[in-house]
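Both of the next two complexes hold chain A, though its partner changes from chain B to chain C.
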Partner chain A sequence: MQIRKTKVKRRSFGLWEMVLSVVVLTILGSFTVKMLITAKNMNSKSYDLYKGMSHAITLVETIKSVSDPLDLSEKDLEPGYSLQFKGEEVQITGYFNEDWDPSIPTKSHENACYWVIAKAAPLHSDGEDSEDVARVYKINVEVRRMVPYILEKSQEYQIFSLDSVKCYSRFVK
Partner chain B sequence: MVNRYSPRFSGGSSVLAVLLMLLLITLGAVALVSSNNNFKMLAKGADWVKDYYVLEADGERLIQMVSGCLQEASFYPLTYDLPEDIWARAFRDSLESRLGKYLEAADSRTPYDNVIDKVSIETVDPTKLLVTVNICQDSGSTDRYLLIQMEVEGLRIYGSNDGKIRILKWKQYQEPFEYEAELDLWE
Partner chain C sequence: MTKEKGTSVIALFNMSLLLVFTIVCLGVAFSTIRGFQDVQEERDNISELAVAMSYLNARLRQNDCSYAVRIDSSPIGDGSALVITEEIEDSEYETWIYWWAGELVESFIEKGDDRIEEASSPIAEIDGFEVTYDEPDLVKIHVWCGVGSKNKDLTFKVALRTQPIGAEEF
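On to the complex of A and B.
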């Protein structure tokens, strides 16, 4: 009896098909990863904006709450802030780590992630003759992130800045 | 019997991988849109805070103006000999002229780009004035206002700085919000 051998051609996934699918999946995967990282960065920026805004408002209201900015002391401030007087100008500086906890100050502030600076300087208005009884101060608060977000290049990022004005009048009771 | 290696059944894992990838892309897009909207909302809140402090700056300027008038009034020679209501009248004139000059010079726009909506000075008693100022800020869809009411108490002793400003109201409010007829969902 003669057995006839026939060659059965079995079709399956070829090498090129495999390579192509891996390439397509890699491209799609990288897009997905990029998208997820951007979403994470956006969430971090939102949280930073919220925290930065709270810090800025607290600082502005603290400076406004005293009867004279030169009367400010470190007791009036929240932990993490330091106070400096430069003539009539008042400067408040704070460094915070990634969790927005006050960072222990080192010389180069390497461990700090966020930097908050508030300045209150007298505003000399023209034509006003009431400066001795009512001094107007311009208050500026700036909140910055010193560490870049994931896959972002810029070293420093301004989170929030706030400008305000306060009139310290001896007549206001 | 079904042949598991038949071409009809090959590629099942690839289909799974593609489906998984599609799922991940969808979830990534949803996360991105959601975080972007969250950030936009917070940025709006941040703008609101900035605008509020700009509006308040004009209130502080008003205090400076009233303080200046009080200081001037402390040197009115008439507080000694004449009835006290003359002090009130003189002080009122001084404040009105100062506010008037301020409004004229700025074309009713303040240096902080707000508009003084209403100014009223009432005499409460011979030594007290009630100053009410409404400052308006144009903020897109609705106007925002800062209503300041202060009681200004005059001096009794010539040359002293014993005047008093008591803030009675420092209230920020907005006109009722009106919904737009057409809502652009993609904005």
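On to the complex of A and C.
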């Protein structure tokens, strides 16, 4: 009987095994970090939605609280908003930074992260301009994020948009 | 002898590399756990704020009747309370909405009853609530959660179609 003796070369835990495990764990770690960033982005989107909603509610309620949208003035609005009249249309614009604080306006608004715009325009314009005629206004509020979320590509993101209608008449409050 | 020494140096290097790698892995794991806990806490705070906002908005809209809404000082501690008055079977009842001990609470009691605290039930876990008149018919509500960099807040106004109690003084 012949016993074959083979010489087994035994090695300790080598550098290549180490490198391989580092690579594998780095890949797994990067997935975990990606998951964390995705979860954080989802939270940011959720907060932005509610924050945008609170701004939109405030704007719609402010527009609805006056007897005529053309009576609106900047003192009726929260800080960060500016008011413009284009004929019978009223436009309210606000720029906010990452923390939803009013951003200091610059020409190109590059320091702004969020953009809120509210428009109130008459639905039917029959040319009559009398206090007795009810005027129906369509109010549209749009909230946008102008800076992409972490690791996201889209430059502009519409957080949400809502429409409302208000009838202005001396008989309706 | 020199070969053995060389092998032990490589083994020592490998072991120290493994140690460093283990420490880094543990660090990443712990910071990820902490990160996910923060994300979870933030999500809870946002949900509670959203619950508070929609609840308050709905309550104001439901009870927008003449002289049914007023702002009073909180029955417990500092701060303000939103009080809604309604008449049920010839008796006047009040709903007190105020903040106490980390919660937005609601208390439905008969008018004049001072057991507001006993009758209270929680609505949302938030860190603060403030209600003020912004205009005679505009009620401004501010709710917030968290402190410092984790602070989240929602501010909104509700225009009442009816005159709220006490707003004449505005």
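Following the convention adopted for this analysis, the second predicted complex is superposed on the first by the 153 of 173 C-alpha atoms of A that agree within 3 Å, B and C clash if a C-alpha of one lies under 4 Å from a C-alpha of the other, contacts with A are read in each partner's own complex, and residues count from 1 in each chain.
Criterion: a contact is a pair of C-beta atoms (placed from the backbone, for glycine too) under 8 Å apart; a residue touches a chain by one contact, two chains touch by 3 or more.
Remember, predicted model here, so these are calculated numbers, not experimental data.
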| query | Is A:Asn43 contacted by the first partner chain B, the second partner chain C, both or neither? | reply | both
| task | Identify which of chain B and chain C touches the larger number of residues of chain A. | result | B
| said: With both complexes superposed on chain A, which partner does A:Val23 reach: first (chain B), second (chain C), both or neither? | reply: neither
| task | Could you look at A:Ala134 and tell me whether it touches chain B, chain C, both or neither (first, second, both, neither)? | result | first
| message | Contact-wise, after the overlay, does A:Leu151 reach chain B, chain C, both or neither (first, second, both, neither)? | response | neither
| task | For A:Ser65, select first, second, both or neither according to whether it touches chain B, chain C, the two together, or no partner. | result | second
| task | Give one of first, second, both or neither to describe whether A:Thr32 is in contact with chain B, with chain C, with both, or with none. | result | both
| Once the shared chain is lined up, is A:Ile57 touching chain B (first), chain C (second), both, or neither of them? | both
| Which residues form the common part of the chain A surface touched by chain B and by chain C? | 12-13, 21, 25, 29, 32, 36, 39-40, 43, 46, 50, 53, 57, 173
| note | Residue set of chain B touching chain A in the complex reads 5, 7, 10-11, 14, 17-18, 21, 24-25, 28-29, 31-32, 34-36, 38-39, 42-43, 45-46, 49-50, 53-54, 56-57, 60-61, 63-68, 70-71, 161, 163-167
| request: Using the touch rule from the top, collect the residues of chain A that touch chain C in their complex. | output: 12-15, 18, 21-22, 25, 29, 32-33, 36, 39-40, 43, 46-47, 50-51, 53-55, 57-58, 61-62, 64-65, 76, 78, 173
| field | In the complex, chain C residues that touch chain A | value | 7, 10-11, 14, 17-18, 21, 25, 28, 32, 35-36, 39, 42-43, 46, 49-50, 53, 57, 135, 137-138, 152, 154-159, 161
| remark: Listed in rising order, the residues of chain A that touch chain B in the complex are 10-13, 21, 25, 28-29, 31-32, 35-36, 38-40, 42-43, 45-46, 49-50, 53, 56-57, 60, 125, 128-130, 132-134, 136, 160, 162-167, 169-173
